């Protein structure tokens, strides 16, 4: 998974959703964001930078 | 007298002496300034303006 | 929350703001701080409607400075804060005491020291209210124990302040400030308001600090018929510095104390609840006194002769009243939401009595409950 | 005024600065104010020579803030002021008490309230030293009565502060601060200096506010092997906010008080001068005590059994010592250059005794002379 | 720097933090942490100092030395720390009320002295912590709980103020562009002298709600739309921006740094003494 | 205006004053009194507010309402007075320590609010009253009793600071040219909004003696020689003056004045209420 | 319930209007039934987001109890609130929960009333914002601590002008749904 | 003079070095004669310009008197200082004045010594700045409160390096001129 969202930290502010340049993030029923199309993600990290809750990790390539 | 110096207020700082454009003020033995040549004074009021002690009056013409 | 209407369900802080407005306060200098902020918020909403001024300043020092300035200019003025802000106001508070400018400072007490327990109640600024500013000085401080008293004692604070030309402190607490309860506020015409005494002499004869025999010099407003000078230094009757005159200095300090001591019967204010035949008397104020009242009732039901000596005016401390009340009791129980700050005052008042002293104190952000006090009472019989 | 040399003719303020330097103070945050300024001036001249830091800040709030910061960073630090500045320092002083940061605040007392009598002596900040900051808190305050004691008690203040992680106040006054007299200062090697206790646990196990059994948690310096957090709010043993935990809050406040009460034998410091057989005991401190000592000698020459109970540590107030000393006396005479601020403390201490209390107080910028005290003594026999 | 390596500067066991959903303070802190990471600051040699306010909440979750002080006074404590230990890196996170209202004096004086401190002002145009009162950075006519009829006061250009006071590095960034902000913060830490970085944050809970912003992002966008990038070579603090918000590095000067000057004095005196 | 008619603004029975011989404060006060006289201010409607310092000694000898307050806080008291009684003319005399050190915050905030106050800062580069310690306006490397080895701190350009904070009228004059200074003060009183006038004064007793000036006049001349007249149309606070001291009216703007704004709000609310 | 002091704790998410509900309950009792109520709540930052609570003491006589000792009535609209605030609830306390949100309520000895207030708000009123009103109605029906008339008056007086109708409807819906439970 | 406490007040113009004279007197007694002295002075703005004073108490024993009660010795170098500070001088106080400046000294019952210190400074030393030293010498000679040796040591230690000689000369000149007066 190119991005990993920590659901215990996420506060469902939805900022990541709007800030993904490729519109790849969506909210589930509970309002929790998830990456809808992992393959499209270019790991630009925008979502991680703007998340106020440090809830989004972009795992290192070598870590994957 | 074109200028009147209040000797109770004057603190003998000598600023008036240096600031008279016509060099008309001098200090007496006690250090108290006086106008040495009243006729030369053009009542420019410089001395009154720079006196830190409000000690110099330029009497109004009509008052004289 | 129209103060004209009769029965209301009000918060203590709201009642305090409304009391100030009814008492004629038309200037409020604020700086936000929990748990006092609601007072500023009500003032911000209401004062401009009445042509009064609300301003939020850059800090607490500025807000009390502006309050004193507005008061010199003839406007009844107030500020409100809590512990950290109260500490910052001390220097200017001392100025107002010294130069005899009326104003009201509300301190809605929360847990300290430092920012401590910002949202939780305490009564731990009681000694600071007396001694927070440097130098010898008197002070008046009042402590409400209900929402209605938040209103009443704020009105009284304004009145005492104007009457005696002294800042008056309202020592509320986070419980009393935030609780909502039913109140029926007095109608405007039921209130007695005090206006500061104005000079009547000719302008050239006015000495703004000359005793007219009452101990309280008349006070002109800025911008009216009298010119005057005020200095933070020791001053003569004309208000000019007298920083090396021991006589004037000694007399000035004494006159500041005397104007309060002399009028103690107007200032002292204690509420005696079932004390006549009491063997155990609780000494309490503010929200703790509310619990104490309940505890007295619980104890009486059990046949324990308990009573409550409630301080509505904390400063000047009512030594004589306490001594008189304590004379026939066996035990005094001082109950405070602090580390027993008034202990020395109570001991001092009862120095010549045989009464035994006990303390029930708690400094952890929790109200002392009726049950705790009741248990203490039981422990004493 | 080289502090290495032996016999000197020094001013109290100079001695205070030299004491601080000898005690290891290497940071001074100043703001000028009469009659304390000489302390800053000596520090400004001497500290840079020793690699220490002197900075004059924008106000008294900043200067104590910086002092606390420097102390957290591991440097013994001090500031000095007088009444108005002391009022301004109260908020940050409370912070230092709360978070247990050592530092020394010298208050060279002058006449108040407000700027009052800027150049004249008084002892009217004594109660403020105890209660000036908001919230429940302990404090230590020492009062020198000679130039030599300005040196000694400043050293002691630094030591107590480091030992107990608490700000210590030196309550000097305009007389003691400005008088010059002969002193023989102790040599460096004669001084006992205290360094704060450092943690010895592994960095990951360090809890900066955990009691190690002594009541005084070890303190790491910033920038060494331990990371830690400090908060102005109520805090847990790790130093993190615990603003809604009543248990922790209650324990924290109690632990602040206890670390002082527990070590009273190290902190209490009274000087008993001819009290054993005294029928009249004068209670005094600072410059007034100097006059009192002379008055005792004058009285003794007349056969009057007088003695002096001198407070060198004013706070915590030595209730037990005073009670013990007063037990056999008929009269206590409290002599203070203020409106009798310690009256309640003295009454409280002697609550259970028969001793009669009297006050000799004066608040006009003049020292109480030996003759005045002597006259009072005579009036009591 | 690895992508998530900035997290070593977080006390992750203190997360989730207590800021409201969408609060901009977390974004700005994230930008700062990444700047620290790029510079590989040693947490043991780094001190973060805050005061009181939501802004101060940065502190308890940062993994370095963290000192939270009294409201408005963080710069005084930080000055003492830096002067006593010039080898430490000292960062400050202050609020707009905290840093520009009650703390305004310490800001201008620390700037004047040019002490080597990096101050990040989290500007959310409101007193967040106390529930939404107006601050000196609340724009004219905006509402708050103490300006129910709209703010009558002018707001500071706090960057201009810091510059006029003597700050030798002044920059402004916004939550909408945290990468840029992070570079500005990094530059501030690297700069030897007093660095001031205004980070425009958002308080959806109070400022947003009161002023009819329907989401945190709306505030971020509102700011973004008004922002224009400027350069220090061409930017002038007095220039008329016609309502736009200049962002970027605004000024950068080399001036004597205070602790440096002090060290030189000590060396000189000690040489003199021993000579 | 008659030549000596300014003396009606003096409490002449309080003279001679207690300033030292040659102290510049008297010259600057004289300039202010003449400005008051030209404007024919009614002493009963005029309030002079000071704090503590030699600068504050202006007050007891002025014949109008005179309120001397706590050190650094005069602007807060004056704000309260003006807000409560917008009809009064309120002047302030502050010192460089008083107005720019301890009082710095109130200065920038009163400037920001643009309250109609006229503040005259008597800048003698030193704490005079307390015996000669350095102030935030003591130039770099000058000596004072607390900077015996030379001042290590930078000094403020306090006019630039006031301007950056929002003051709508900013000027600087010098004791050597009291007529010019008087015109600047007059302009400040006439200006509706926050006016700030720095008057460069001299303290021969402490600043002069410490820094090897042999007479009051020598300090005045030193300042005069470095001064250059500027105009608000062309002057820019960031411009490099190469050590020269810009004097004259430095900036002048029309901005909403606070008490005016407040009055409008009250009128609007009261109309609304009664409608 | 008989003539004593009743201690009521309302709790839920921040943003559900719990505080307002507490105030309205207090006003209903004290202004429209001429009995007595005191109301208090948590303040400050710690109270933001997450769980929220409001507390009311109700009596026929003047009240000197300014802190909840142990609730006689405990309403919880979220699991988090339930977990956080149930702690000191009285053994015999009446407990009211929204079963859709409080799924884990281990309360052997206590009376638990499950009222699906959010569902009622959504389905019967069409707005979840009135969830607090539904809960108030339910509480009135179950506890009898306040009459429905007084409650209606208090609601009308407090809510923003224009929203009276929908809020009253919500109160009634809650009241009706819980009436049979009492 | 015998073994008691002597209270000395020195006064003159501000700028005449009165304070320094007080300190030197104190140092002479306490550091170089191993007796005791305490010294105090007026501070602050009120002390600037105009009249200035310094006070010294001298004794063979430790001193607990920190304020001058009434001077036993009163030195005045200006009329203004004389008028301002003579007030509480002891009936039998020794009074020393500079007759060129103190022209009006109504002192019926007191011993007055007229020493033209400024003239001595000007004529014998050629510098009026040493007037304070001349006065000290004269005081030593007249009162015997301090020995000339100790005084010389104290002066040498205190004055700016390089000025020792001229200052010592001034002290001696004062001492000699007044010796016969004692």
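Residue numbering begins at 1 within each chain, and the chains themselves are lettered A, B, C, D, E, F, G and H in the order written.
Keep this in mind: contacts are C-beta pairs under 8 Å (C-beta built on N, C-alpha and C of every residue); 3 or more make two chains touch, one makes a residue touch a chain.
Since the structure is predicted, the reported quantities are computational estimates derived from the model, not experimental observations.
Colleague: Between chain B and chain D, which partner chains are common?
Modeller: Under the touch definition, chain B and chain D have F as mutual neighbours.
Colleague: Based on CA centres, what chain would you say lies at the far end from chain B?
Modeller: G
Colleague: Is the C-beta contact count larger for D-E or for D-H?
Modeller: Between D-E and D-H, the larger count of C-beta pairs in contact belongs to D-E.
Colleague: Report the inter-centroid distance (CA atoms only) between chain C and chain E in whole Å.
Modeller: 39
Colleague: If you average the CA atoms of chain E and of chain H, how far apart do the two points sit, in angstrom?
Modeller: Computed from C-alpha means, the inter-chain centre distance equals 60 Å.
Colleague: Would you kindly tell me how far, in whole Å, the mean C-alpha position of chain H lies from that of chain A?
Modeller: Distance between chain centres, rounded to whole Å: 86 Å.
Colleague: Could you grab the centroid distance between chain A and chain C? Build each centroid from C-alpha atoms only and quote it in angstrom.
Modeller: Those two chain centres are 55 Å apart.
Colleague: Counting only residues that touch at least 2 other chains, which ones in chain D make the list?
Modeller: 34, 48, 58-59, 84, 91, 95, 114-115, 118-119, 232-233, 243-244, 366
Colleague: Please output the residue numbers of chain H that touch at least 2 other chains, ranges allowed.
Modeller: 44-46, 49, in rising order.
Colleague: Would you give the residues of chain F that are in contact with at least 2 other chains, written as numbers and ranges?
Modeller: Residues 20-21, 52, 70, 101-102, 104-105, 109, 136, 149, 262, 265, 269.
Colleague: Enumerate the contact residues on chain E facing chain C in the complex.
Modeller: Where chain E meets chain C, its residues are 52, 70-72, 97, 101-102, 104, 127, 130-131, 133-134, 136, 145-149.
Colleague: Where on chain D is chain H touching in the complex?
Modeller: Residues in contact with chain H: 7-9, 34-35, 118-119, 174-176, 178-182, 287, 290-291, 293-294, 297, 366-367, 369-371.
Colleague: Which residues, counting only chain E, touch chain F once they are in their complex?
Modeller: 101-102, 104-105, 108-109, 112-114, 136, 140, 149, 152-157, 160-161, 163-166, 236-238, 255-256, 258, 261-262, 265, 268-269
Colleague: Per the contact definition, I'd like the list of chain D residues that touch chain C in the complex.
Modeller: Residues 83-84, 86-88, 90-91, 94-95, 97-99, 111-120, 122, 124-125, 127-128, 130-137, 232-234, 243-244, 246-247, 249-250, 253-254, 256-257, 338-339, 341, 343-345, 347-348, 350-351, 357, 362-366 of chain D touch chain C in their complex.
Colleague: Report the residues of chain E in contact with chain D in the complex, numbered from low to high.
Modeller: 14, 43-45, 47, 49, 52, 59-60, 63-70, 73, 75-81, 83-85, 87-88, 105-106, 109, 262, 265-266, 269-270, 273
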